[in-house]
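What follows is subunit A paired twice: with subunit B in the first complex and subunit C in the second.
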Partner chain A sequence: MASVNVMRKVEISSDAVSVDGVALPVCGSGEAMLDWIYRTHVGGYPKYHKMDLLCKLGFIASELLLAGEDGRFVPRDDRAVILFNRTGSQCDDLRYLSTITEGEGYFPSPAVFVYTLPNIVTGEIAIRNKYYGETSFYLISGPDTWMMLEVAGQAMDCGGVSSALTGWVECPGEDKLECMMMLAEKTVNFAD
Partner chain B sequence: MTAVCAADNIISPLGWTTEENIAAVLAGRSALMPHEWAFGLTEPFVASLVDRTAVSERFGAYAGMYTVFEQMCILSIREAVSAAGIDASSAALVLSTTKANVDSLGTPHYVPPADSAARIAAAVGVALPPLVVSNACISGVCAQIEAKRILAGGKVPAVIVCGCDVQSRFIVSGFQSFKALSPQECRPFDASRCGLNLGEAAATVVYVAKDRTQSGGWILRSGAVRNDANHISGPSRTGEGSYRALRHVTAGIAVEDLAFISAHGTATPYNDEMESIAIERAGLLGVPVNSFKGYYGHTMGAAGVLECILSMHAFDRGLIPATRGFGTLGVSRPVDVSAAVRDVPPRARGFVKLISGFGGCNAAALFLKGGE
Partner chain C sequence: MEELILELKEEIIDALNLEEVTPADIDNDAPLFGEGLGLDSIDALELIILLEKKYGIRLSNPQEGKEVFKSVAVMAGYVKDNRKK
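Take a look at the complex of A and B:
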């Protein structure tokens, strides 16, 4: 059995960000804060502007986590993206629901509907980083770090997965952000 | 230790048990029907929908305490757990769903999926916190791969996997806005295919950990999840993720070992074409291919579980299922689509399930009968 080591960690709340425990100065809150981080620390990726709030949150966390990594953007399939939350894509679900009211208000949008799946954020991260490996999204009752690392660790015990972006990515309401994303790596423990 | 299928159940418009469902499929019966004004939608659609009243009646006295989604999951899990003879209180529960209770979103009765999973776990006597896989259309295969991983960890003796989705105004309108729905019964891999049908089902499989040498049943031998890293809503033109998943699970397996590939086969122009490319790239053109969508439509979170159960039971009867709706090959690669029921060749030891979904995700699983 391999053991799992957390190499880096990014935490994002509605109005604060930290990278490996060190606060990152930010401007604004909620979606405006994410957009500010995108402009200040990322940029050059127009797809960001199409994303729903959950995808923006996961995308920004992954960018802060992976910034400066050697060999980034080289296609690979040995890194998994395994994320968790409680409400799935509820924020975008409510947005889509408002487009399908009875009568005059009925105007369903495919551009909104496509984000009504929480695993879209794992796909956005895979596309950005050219990860051809496992992408998974799980719903659990709360941000249980032990449980999340256990699920990611089980994936790493299967052939071909050496590291994972894992953690909690949740938008419990309009402009409310909860995120704790980790870069976890597998180290084979020869003593086992 | 390995993951062995101990028992299963399917609840769908074609029956309340796996037996009723496999009999209907092998007889060529479909649950797809035209629906007008269903869910208050002006545009008609073809779908496979369960009778909600019949579900509540079968559920019995406490049906009112649970949502339709929960009632279907609980009914299906109870059947499978009872047939497996396991103690649910020591088992883990992995639920597979894409939209769970979205039919009541925006009302005071709405229950988020993780909370619904906890209610289902309590109702069926599972003590451990449940896990919900929400990986779009591939969730049902992912949930079984997760079950195999949990069993490999050695902490629980059994894992219950249940896949379920119920249709609603929310989901149907979304697929209509995507122009993804066929106005007729869908025609997987056919030249005239023009879209998918949606469906409803709950399907449960109970996996137990057994010593490899002792097992005589169905083994989930290998599973893989791979991303296209290409587009969030369109399949890869090179079948990248499906190819990589197929390659992983069939490594070391001869084409003759495989009775068939149970494809996703949604009958959208792009999906079936992509699968044909992935199958060719994986060197599996010699393996018969089939799709169950002509019987059930796309049952979303249930599909990966439902279609693996049907595949196991068809194989057990020595039969390769037919692809209802298929007539003339309409994909660019010469895949051997089963138009009619065929016999399983004597050398075949199992089958492969292939599935793909939004978010660019793809999964494959290899099932072998009676050991390694």
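Take a look at the complex of A and C:
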């Protein structure tokens, strides 16, 4: 398997954020905290407001991870986006369910429905950053860093992938956030 | 009619999560799709839901949406003529 180096790491909980181990001052908690980070650190991307909570979490984590990167937004196909969680898009599944209650409450929402797939998170990140390579979303039982980096390493082994945004992006409940996202790069093995 | 146009603008902003847009930003006659607000196909479906939920108007043919959603002014005229709520 390719050797993988973690270059940067972002961690987000319901009320705290850190970038490479350094706490980022934030305001509020849950979705309000993410919205505050968008307004103060990102901005200029109105599509953010249409995203569901899982996408907002993945998007904000990726924005903090990639801030200031040289050559960002130059189209590339050698960076994979490989994310993981346990519940998939369950938070959106339940929200969509509430729009299709019986009787007079039956108004299925297309804007909610489009987010009832966890890999939409990888898609939103890829669209934003002009990544045209591999994107995938796996369901595993817990945030196993070793497993996540192994999967990223296997993608790099296949050729054509030199780096990956990978990690855990989970909304275990209403307004609850769990995220650990890494920028991992393939290291050069001089024996190859 | 002005009241209905303002109401529609507020409903559109709310339904489509246009958080960085105010009613004053939406020109009554500007295209809603393509240029103008730059709405997409999912937004079009949400507007169809809005018509039914708020005004009791069910579009029998989704292709009608292309004409109905030309602008807020056109939409307001359609709602005024066809609303059931």
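As a convention for this text, the second predicted complex is superposed on the first by the 189 of 192 C-alpha atoms of A that agree within 3 Å, B and C clash if a C-alpha of one lies under 4 Å from a C-alpha of the other, contacts with A are read in each partner's own complex, and residues count from 1 in each chain.
Keep in mind that, in the parts below, a contact is a pair of C-beta atoms (placed from the backbone, for glycine too) under 8 Å apart; a residue touches a chain by one contact, two chains touch by 3 or more.
All values reported here derive from a predicted model rather than from experimental measurement.
S.K.: Overlaying on subunit A: subunit B and subunit C, fit or clash?
M.R.: fit
S.K.: A:E134 contacts which: subunit B (first), subunit C (second), both, neither?
M.R.: First partner only.
S.K.: What is the contact status of A:V74 with respect to subunit B (first) and subunit C (second): first, second, both, or neither?
M.R.: neither
S.K.: Using the superposition on chain A described above, determine whether A:S109 touches subunit B (first), subunit C (second), both, or neither.
M.R.: Once the two structures are laid over each other on A, A:S109 reaches both partners.
S.K.: Could you figure out whether subunit B or subunit C reaches more residues of subunit A?
M.R.: Touching more residues of subunit A than the other partner does is B.
S.K.: On the A-aligned overlay, A:V22 touches which partner chain: subunit B = first, subunit C = second, or both, or neither?
M.R.: neither
S.K.: Could you look at A:P46 and tell me whether it touches subunit B, subunit C, both or neither (first, second, both, neither)?
M.R.: It touches subunit C, and subunit B stays clear.
S.K.: Considering the aligned complexes, could you tell me the closest Cα pair distance between subunit B and subunit C in angstrom?
M.R.: After superposing on chain A, subunit B and subunit C come no closer than 7 Å at C-alpha.
S.K.: Do any residues of subunit A touch both subunit B and subunit C, and if so, which are they?
M.R.: Comparing the two interfaces on subunit A, one with subunit B and one with subunit C, the shared residues are 108-110, 114.
S.K.: Hey, which residues of subunit C end up touching subunit A in the complex?
M.R.: 16-21, 42-43, 45-46, 49, 52-53
S.K.: What residues of subunit A sit close enough to touch subunit C in their complex?
M.R.: Touching subunit C from subunit A are residues 46, 49-50, 107-111, 114.
S.K.: For subunit B, which residues count as touching subunit A in their complex?
M.R.: Residue list for subunit B touching subunit A: 40, 98-100, 102, 105-106, 112-115, 117-118, 129, 131-136, 142, 146, 149-150, 152-153, 169-170, 173-174, 176-178, 224-233, 240-241, 244, 248, 357-361.
S.K.: Using the touch definition from the top, list the residues of subunit A that touch subunit B in their complex.
M.R.: 75, 77, 81, 86-88, 90, 93-94, 96-97, 100, 102, 106, 108-110, 113-114, 116-120, 122-124, 126-127, 129-141, 144, 147, 150-151, 154-155, 157-160
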